[in-house]
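The structure follows.
Each chain gets a letter, A, B, C and D, in the order it is written, and its residues are counted from 1.
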Amino acid sequence: MLSAGWQLAAATLRGAAPLVYGTLGGWCAERAGVVNLALEGLLLSGAFAAAVVAHTTHSAWLGALAGGLGGLALAAVYGLLVLRWRANQIVAGMGLNLLAAGLTPVLCKMLYDDTGRTPSLTLAERWQVAPLYGCWLLVAVAWFVARYTRWGLWHGFAGEQPAALDAAGVGVNRVRWVAVLTGGVVAGWGGAALSLGASSCFSRDLAAGRGYMALAALIFGRWRPVPAALACLLFGFCEAAQDRLQGVRFGSGEPVPVQFIQILPYVVTILVLAGWAGAARPPRALGTVFSREGNH
Amino acid sequence: MALPPPPAVELRALTKRFGGLLANAGVDLRVAAGTIHGVIGENGAGKSTAMKLLLGLLPADAGQIFIRGERWARPSPAGARALGLGMVHQHFLLADPYTALDNLLLAEGPGRPLLLRRDAARAELRALAQRHGLEMDWDAPVASLPVGVRQRLEILKLLAGRAEILVLDEPTAVLTPLETGRLFEQLRRLRDEGKTVILVTHKLREVMAVTDQISVFRAGRVTGERRTSETTPEELAQLMVGRPVALRWAAAPGLAGGEERLAVADLGLAAVGGAARPRLSGITFSVGAGEIVGVAGVEGNGQSELIQALLHPCDRRCRTGGTVRILGREVTRWSPRAIRDLGVGVVPEDRLREGLLPARPLWENFLLGRQREPAFQRGGLLRPAAVAAAAARAVADYDVRPPALGQAAGALSGGNQQKLILARELGRAPRLILAAQPTRGVDVGAIEDIHQRLVRARDAGAGVLLVSSELEEIRALADRTLVMFDGRIVAEYPRGGATERELGLKMGGA
Amino acid sequence: MTNRLQPIFAVAVGLALGLVVTALAGENPLHVLAVLARGAFGTRYGLGLTLAYATPLVFTGLSVAVAFRAGLFNVGAEGQLTMGALAAAAVGAVWPGWGAPGAWLAAGTAAVAAGMAWGAVPGVLRAWRGSHEVINTIMLNFIAAGLANYVTMYVLRNPASQNPETRPVGPGYMLAPWAWFAGAPVGWGLPLAIGVAVAVGWWLERSVTGLELRALGENEPAARAAGINAGRVRVLAFALAGGLAGLVAVPEVLGNTGRFRPAFSAQYGFLGIAVALLGRNRPGGILAAALLFGALQKGATDLDMETDHVTRELALVFQALIILAVAAEGAWEMVFRRRARPC
Amino acid sequence: ATAGAAEFRVGLVLDRGGKDDKSFNSSAFLGATEAKTKLGIALKVVEAPDDNAFEPMIRGMAEKRFDLIIGIGFAQQEVIQKVALQFPDRHFAIVDARVAEPNVRSLVFAEHEGAFVVGAIAAWSSPGGKVGFVGGMDVPLIHRFALAYEAGAKHANPRAVVTTSFVGLTSAAWNNPPRAHELAVSQYDSGVEVIFAAAGASGLGVFDAAEEKKKLVIGVDANQDGLKPGRVLTSMLKRVDQAVYASIAEAQAGRFAGGVREFGLANQGVDYSTDQYNAQVLPAALRQRADALKAEILAGRVQVPDYYQRKP
């Protein structure tokens, strides 16, 4: 038996990893001014693509790659909707979540005649350890790019003051496209971490609300990559602690009803958020359409 | 004999439409190289639009642009940079959370190395800034910079981008007279270096002071061209508005020493976001009945915060110290509604943001803030007929055009929006009026009307706190003038107690 | 004119895209369309089920819409309707002897009150601590599920059933379904939903508080400057949203099962967001959108039965494609050659 | 298969887990498809997207004159009751619930008997005496499993410690393998050596954990021994497949009879699995002890607690 502390830490990291990918994916889009409510759908499509490719090619790495591409594909649809066709970003995000939730089982049925699951993967086909540190590597990359590169500056201005970016001769929508697509890839990896790492296949509704939790983490972290990732860690920790607290007794009495343990992470989140105080300020241009004419 | 040099900029029959609105209806404009060219016109005349077309920021619907005699076929922001065109926008294009340096690095545009070399850039920019006498704290976030410094930053952006043709859109709106003078010095120096400057403004005095040549915009086209040395402010005003206007007007003095309507003691508001100074400190003054107290000052010196603190004294974001008394009642912990119910009328500084529901019809905007008056509701339900009747009367009285009660308020012109707000706020017969920048973005004719309404309310016994960054407005209306600088009241003068120069110096913190 | 046709056109395009998916899955799209239409509207029973699905969606759609109109995003209708249904079932189970009109009133009031209380929490937290309502409503959904589970299992468990469910409510509480619908659980919940939709629309437009709520959503600084207490209105809006979601208890508990079951909601809270957005937060639009979603849900149930290659999730695909098609305004501008309004 | 006029038509309405949950519904599906191939019946399988969909599905089948309509899972109890009343000349069967209509056959299982036996097997296979249970949600059926499992473990080893965890709070809990995986890892980390997974499709997460941690897992409902060969100690079989198959066969032969059919250890409707996959982990000695325990239970010498009989 390893020390309980290390196990808790490991479980925290495992639980946080898909959230970190999701929150980073959301950050990519939202820092550029594009609301990303479609994280749940991005996770699902990434998870599905990863599982299918890992199963067909027997390669975990190709699967992970495909996870990114799965996210990319859905993000491309999202970009088309909100950047090209100026769809309301909340509506489009919710719509894509529904689409991904519905289409993945339909595809399972078409590909495998299975109502909601892809075939099981062997240990060798799974992508288990790399995603756990990969996401932190990405957090570091995000932090560095945002701070020290020209692209990072453009990215931030696209969400903060797009008109300035435009006046500098950089296409705002081009920057937003790149941001949305990158976010799609990153969130897709989060999906891959779910279907190849936390599970051994894709199954219906595998994301189980993690996209929304990732969004919550993003808001919690005030739209900054490192604090948002830390918020994921908090969520991961609460889950891991919850797993270990189920069945505890106070004194010699009956065990605490499991429901009260299970709601603990959510109660903690609300309390921490309330204690954190103050409304977070989103990127100023978040959710707005950039058009030179309609921006006065 | 050599041909005369081609104009630096020439616009031919430039046309731009926004939906159904013709913002530029065939603008013809020639700007000679190496001159300072003034562009004046009323609000909404289409000046900014024409400049945005020139900078490639908007596509024109028709017309042509020539730069140094050559046809510029496909305008774009990147192309403008390449041609040496640069613009300081009326609304600065700066991002608050970023440092001055980062805002400037952004302006470098594409085609630069991926990694930001901040140290190298900072050194280079320091040199450039020194050469032009424009000091700058490069590592301060823009949010913490005073407006004047922000503008300096915008100008530096152009200079760093090696712009040869500079467009400045209303650059003096946020400057003290002193700073304005310094800016004009700068512009002259730039002209003498051979650069071309286009100065957009609606302040006649300024164009007279600094330009070589003036174009007047009205209703989307250029209606007059004058050499500065050969014209007068009166002529320009007539060209702008289309009829003769009285440029100088002063209200008769009000009764001094009426009973107290507003008394503020030691009001303070803590700093935010790394700024060193509190946003307000030690604000103490009072306003009596039948008196207009003017608050002069350059924008961003705490006037907006002062109004917010008077309206929302119980909100910690608006006030962190001091007391407010209105009509003899201590209201420091009162809700905004209770304060308004005492008989306080508010003309907010940013009318679209704080005064109106742009997407809602006129009648609803007329009702906003008065929805609980017994005349307009019974048992919590609105009385649409009563509201409509009152709104129709007010709209007619204040000459809001068009008087279509069902139309969205956002579709009114700025001046008419302001009239609607006045109709609403003055219609409640308030005993205290908080009027912030009441004539901003309003044309010369309407200004006169608004001023008279305020004076009439004062004469009916209301106390008026008038916040304005237009010195002339303050001098014309205020019975007493407070000068704000850096969150404090730095001077107080009775009517006619200070020259414009003195006021200007105080506004600059001298 | 084209303006008004646009949403209908978009819905048609969304449906068509859905049919393309079914064709790819190996079904005959015409057959699928026929099954959908027949399933949803073809029989009294089918129509009844369509309406039975649509009724809760009207309530949750209104719930989301009221919050939206106040500038708030209510992702918490699921939790609010859970609490509402649980409260109604609890009243009916604890006092089973009560007779008809009083019992209805008691259970309905309990449902609305519980939904309001649950809804008010994110409103209070937003007003008091500035916490973001999206996070809090998501969290409260889970907490509501947990509490409801606990009550179902350990406080009000129905000993006569192996189902996780509460004891049945007394007979005086039940609203009998209308016979015309041949057994589908459609009854007074439906007119209630329509009436509430009309009332909410009327209240928003005509009442002082409705005006204040809309003003806050439209332009917060202006509302504040007009003396509107933003915090109070937010709490009110969220409480109202919660109460509306809580009304789902009427068709579900009083009109159908007579008890609380933890899994009874077919994602009503979540779909309510889509219904509100599709209905543009206007009561009329919400009624239409709820009917559309109800029809798809019902039609898709039949699809699974009548086809070989598609799964029950197809309803989601259809719903999603319709939402996306309606949202993609820019695409239809090209079709209808209508320019966007500025701002 | 094209439906000939004389064909016997069977409708199978699965619970929300779906035909591929590799467990309860899979088992039912298996029995029905076996009937289809062996008996040549026409079979229609549907899955309900939500609890409200059971009724239209079952009623639709009744209207379409299906000869036998089988509902899988307790959630369909009332619907079957209602529709059976309205269609007295149609035949129905329901698994896991009792419906007292003459045209309904209720197929109920003594899950607790099987859970008791696998609990004992778990304790015998766990030298440290620590065994685990991962349930989907805190619902009565899962408690029936858990209670008997714990009793079985304690019967085999009075000092056995049983850790019980539940996956989630909403019906998503039956479809959330990653959460079940984490619960299982946490149990294994704390020294648990065998986990009994009764969590629907989420159970696969427990299997993954067993594979990764090289520990043992016990499957449920269907024979899940082949899912992770060598890691699955045994599966608690609930022969829904047999029950379904037998019901179809009898009905097709015109011998449909209503009433309750109970399946337990006695008629092998509930059992534990032995096959080539678990031969290593469940050696002959253990099987003998398990069979002896079964005999004792059947003889009434060992009492198995039943959650359903407990007063709440």
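A few notes on this one:
Just so we're on the same page, contacts are C-beta pairs under 8 Å (C-beta built on N, C-alpha and C of every residue); 3 or more make two chains touch, one makes a residue touch a chain.
Computed from a predicted structure; not experimentally measured.
Chain centres were defined as the mean of their Cα atoms; on that basis the chain farthest from subunit C turns out to be B. Of the two chain pairs examined here, A-C and B-C, the one linked by more C-beta pairs in contact is A-C. Rounded to whole angstrom, the centroid-to-centroid distance between subunit A and subunit C, based on C-alpha atoms, equals 27 Å.
We define each chain's centre as the mean of its Cα atoms; on that basis subunit B and subunit D are separated by 74 Å. Inter-chain spacing, taken between the CA centroids of subunit B and subunit C, is 46 Å. Inter-chain spacing, taken between the CA centroids of subunit A and subunit D, is 35 Å. Counting partner chains per residue, subunit C has residues 142, 146, 149-150, 153-154, 311-313, 315, 342-343 touching two or more of them. Shared interface positions of subunit D, defined as residues touching 2 or more other chains, are 47, 138, 169. Contacts with at least two other chains are made by residues 18 of subunit B. Looking at which chains touch one another, you get A-B, A-C, A-D, B-C, C-D.
Within the complex formed with subunit C, the subunit B residues making contact are 18-19, 311-312, 335-337, 339-341, 346, 348, 350, 353-360, 364, 367-369, 371-372, 377, 380-382, 384, 410.
Of all the residues in subunit D, the ones that touch subunit A in their complex are 18-20, 47, 138, 163-166, 168-169, 172, 175-179, 181-183, 185-186, 189-191, 201, 204-205, 207-208, 211-212, 227.
Contact residues of subunit A toward subunit D in the complex are 1-2, 4, 7, 11, 14-15, 18, 114-117, 120, 123, 128, 194, 198-201, 203-206, 208-209, 239-240, 243-244, 246-247, 257-259, 262-263.
Against subunit C, in their complex, subunit D makes its touches with residues 44, 46-53, 55-57, 59-61, 74-75, 77-78, 82, 86, 96-97, 137-141, 144, 169-171, 308, 311-312.
Per the touch definition, subunit A reaches subunit C in the complex via residues 81, 84-88, 90-92, 94-99, 101-106, 109-110, 115-116, 204, 209, 212-213, 215-216, 219-220, 257, 259-260, 262-263, 266-267, 269-270, 273-280, 291, 293-294, 296.
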